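Order as written gives the chain letters A, B and C; numbering starts at 1 within each chain.
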Amino acid sequence: MKQRWTAPALVAAVGLTLALSACGGDAKSGSGDAAEKNALTVWLMNGSVPDKVVQSVNADLAKQHPGATVTVEVQEWNGIQDKLTTALAGNNPPDVIEMGNTQNAKFSQSGALLDLDADKAKLGIDQWSKGMASSGVWDGKTYGAPLLAANRVVIYRTDLFEKAGVTVPKTFDEWVAATTKLNQANAATKDFQGIYLPGQSWYVYAGLLWDAGGDLAVKDGDSWKGGLDTPAAAEAIGKYKQLQSLSKAPKDADEATPQQFEVFAEGNVAQMIGLPWEMGSAVGANKKLDGKVAVFPIPSSSADKSGSVFLGGSNLGISAGSDSPKLAADWLALMTGEKYQTELALASNVVPNRTALLSKLTDPTAKIMAGAAANGHVTPVDPRWAGVEAGANPVKDYMTAVLTGTDPAAAGTKASAEITKRMSGAL
Amino acid sequence: MRASRRARGIQSAIALVLAALWAFPVYWMAVTAIKPRSDVVSRTPVFIPHSPTLEHLRTAIEAPGFWHFARNSLVLTIGAVVIALLIALASAWASTRYFFKGRKAFLITIMAAQLAPWEAMLIPIFIVYRDTGGLDVLLALIPLYMVMVLPFTVWTMRGFIAAVPVELEEAALVDGCSRGQAFRRIVFPLLAPGVMATSLFGFITIWNEFVFVNALMQSEPNATLPLWISAFQTVFGTDWGATMAASSLFTLPVILLFAILQRRAVGGLAAGAVKG
Amino acid sequence: MGWPLVNNVLLSLRKVTLRELISRDVVWVGFDNYRTILADPAFWDAVVRSVLFTAACAATTMVVGVLMALLLVRLPRFPKLVLSISLVLAWATPVLAATTVFQWLFDTDFGVVNWLLARVGLDTEGHSWFSTGRSTFLVAGLLVVWQAVPLVVFSISAALATVPPELDEAAVIDGATASQRWWTITFPLVRPMIGVLAFLQVIWDFKAFTQVYAMRRGGPDSSTTTLPILIYQEGLARSQFGLAAAASVVTVAILLVLLALYVRSAVRAEEVR
């Protein structure tokens, strides 16, 4: 039974597909043109600013601009890169976006954001703390306003410190000595660790590197050069190795696999280097630790200042396609201004964007963290840095290599070459 | 053919071991969803939680928008799967039973569509949506999803239709059935297992789709359940208990669908066999 | 259907970063993107890794899947149901949950796998599954196979259901062995289905990103950087969309080469029908 036949079924099939595709084209989103003069769409990340604070900001804005409405949409971290990319390149981008501070450079460089310097006075750009503000600057212009930041501190068990007769260390050498003493005092406890420090906790390494005067990559004209083949890098990895040898944590994993607070919560770990909220998570997982945990700043080689830290956090920007940029700038000025920075810092125990506000913090942990933030740094401000972190991170490979016996100079040369390569190419 | 009782016993034992292997990771997901926080990471694995908690499940269900997202997911998934199945049945039938101009081109196009790295083509697809105004229009995802599952559906259905002896259909025609009736009454029941396999495939693929709905649907009212699953990752780390609870709930509709299809498929087969 | 594909090819000939995507400027660069990709030694390493990983995963999936399908159709009702449900569960598990659970299971200090192997008397305490590329690939491969097998089992067992039992019974009476019956009766009938599934497995495994990336992001030392991970690292993460488009065109070309034989025989089979 073989027939020649112009299959109606097939025609129907193709026709239906086309009809449906066309249907996508005809339909116009009803809510699409919401952003008129007096309406604002703001994208905030899940968990960043508490509802209460956002509502007060919106109410204040409505006082300045009667009738102004603000639609706040909470975004998830998973897939946010794609989502921001398509939203900003779409026909109707949100007016204000929150972005991770390490992502800011990409959006600044690509013309996705408005230059904020026109509103310099209103935003109080000069008052922003240097470390936090630097991630929002590209080519001398400001595109991102720092919203909040957090940095690592040493989270420790006060009871175990007391039992071993150890006090909070002021310098790196004291820190190593204290950790050694903790290990000795608890040698009988199975699985005890004076410190939990996995081999690839690379933000901790970056802090040591900045302390030693080095950096992950160094700008060289229009391109970048990896910075792990320097004497500073070797000195930093030497310190890291010294500290890591006092831990039983795997040398080829980072602090997230498994999440270090879970290990800490088991109860046999005296210290970990983490973000302050990890303290709360650890206590949440093991109520017995309640009241026995505190923090101290990561020590540096000298007792009069704390160690350098990576400032993780997020910035706010106004999209270039916004159709109410003035309103957006006013919202931004409120959210990143003194009043609400204080409220946010108090509510979430994060580092506010002005050094002057640090004294207003009440939570002891937040105070210690914010104090250390004065010595805060960010990863190289360039869209191409994302290529270094996206794949197999050469910094992590470098760390594992040295910790498992490779010569730091050889490992550093290799890692530096990889960083240079990943950051090469035109923008 | 009756296998000996002993052989049957061995077969069943192997099957149960395999079932355990395949189910274990799923069990681990589900059990994490009811474990208290302290048991999630532990040196001695906690296989059966001593004090199970519903806290994570509650967190998951009470997340804002859950029911709305569920509705969106269902609309998209069912819409795309049903359309894909109808098109696949029609075109598979046409292309196995008849020779027509462009048949080869049709088959090659279907294959090429399967080769296309859809996820890597987010940007070109985004541009198509941007140019046609499809951004943030929920139903505009249906054609895309349908195209994603169509090739497998067509190829599989072709295999099944090819396996149905043409004589069976012809006999029906001789008995006075129309072509449509012959297809519905004789061919379709024999295709039931194929329909089951392909619709399950379509359902799972679309039900889980994250990349496109995330990037092409910008406003919250157009979100689907895969976005909800990742809602428990925040600035302050991931709530794995809630994530696993959400993931467990997320698989339930698939199990339900499987149960329904299983019954139908078995029924369909029996009916087909009787008539054959 | 062809529109995005055409778009993709056009993008591959342009410089497209976030800047061009937003401004909608069109900057033609000819074959520059292709030159950049093909000149990178890391690209060829990634291709070799991808091909080997794909071959291993697809072959394992097909063999395990076919064997399990043959088992499934012979099972009595209860074990059949149990096995089917386990498979559906594995298949339906969202990738985010599946990758996380596998990472937990294979964790160095807290993983169930190390704990179990230690019970059986192996010295696996503190063994790291992610210290070498091969071992990392093994875990990622297990995850891929675990989630891919159910589709194969259900499709093949569906196809097996269309094999008339009379044929098999007649062969048994003729004294044919199990393997003779498989090769002469069953296999030819389910062969098209096996072909389609193998074809798809190759495509899907070659494109597998999440499962491999989740383990060590292509590490340690880039030793599990497969082609999709390289594309992500060099293209998408740095917003080099033109480069990524060229890479996906190259991916399709590689797949076409890998699958040329199958496509040819499938199209030829159509001609002789």
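Going forward, contacts are C-beta pairs under 8 Å (C-beta built on N, C-alpha and C of every residue); 3 or more make two chains touch, one makes a residue touch a chain.
Here the structure is a predicted model, which means the values were calculated and not measured.
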Chain pair with the greatest number of C-beta contact pairs: B-C
Per Cα centroids, the chain farthest from chain A: B
Geometric centre distance via CA averages, chain B-chain A, whole Å: 36
Length of the line joining the C-alpha centres of chain A and chain C, rounded to whole Å: 33
Between chain C and chain B, distance of the C-alpha-averaged centres to the nearest whole Å: 17
In chain B, residues with contacts to at least two other chains: 41-43, 147, 210, 230
Touching two or more other chains - residues of chain A: 17, 78, 85, 89, 258, 262-263
Contacts with 2+ other chains: residues of chain C: 1, 21, 96, 104, 109-110
Chain A residues within the chain B interface of the complex: 1-10, 12-13, 16-17, 20-29, 31-32, 45-48, 73-74, 76-79, 82-83, 85-87, 89-92, 94, 191, 258-259, 261-263, 265-266, 277-278, 281, 284-286, 314
Interfacial residue positions of chain C with respect to chain B in the complex: 1-5, 7-8, 11, 16, 21, 68, 71-72, 74-76, 78-80, 82-98, 100-102, 104-105, 109-110, 112, 115, 146, 149-151, 154-155, 157-159, 161-162, 165, 168-169, 172, 189, 192-193, 196, 199-200, 203, 207, 209, 228, 231, 241, 244-245, 247-248, 251-252, 255-256, 259, 263, 266-267, 270-271
Residues of chain B touching chain A in the complex: 37-38, 40-43, 83, 87, 90-91, 93-95, 97-101, 106, 122, 126, 129-130, 132-137, 139-140, 142-143, 146-147, 166, 170, 210-211, 214-216, 218-221, 227, 230-231, 233-238
Touch list for chain A against partner chain C, complex: 17, 78, 81, 85, 88-89, 106-107, 109-112, 250, 252-253, 257-258, 262-263, 320-321, 383-384, 386-387, 389-393, 396-397, 400-401, 418, 422, 425, 427
For the chain C and chain A complex, residues of the former touching the latter: 1, 17-19, 21-23, 36, 96, 103-104, 107-110, 126, 128, 130-131, 216-225, 229-230, 232-234, 236-240
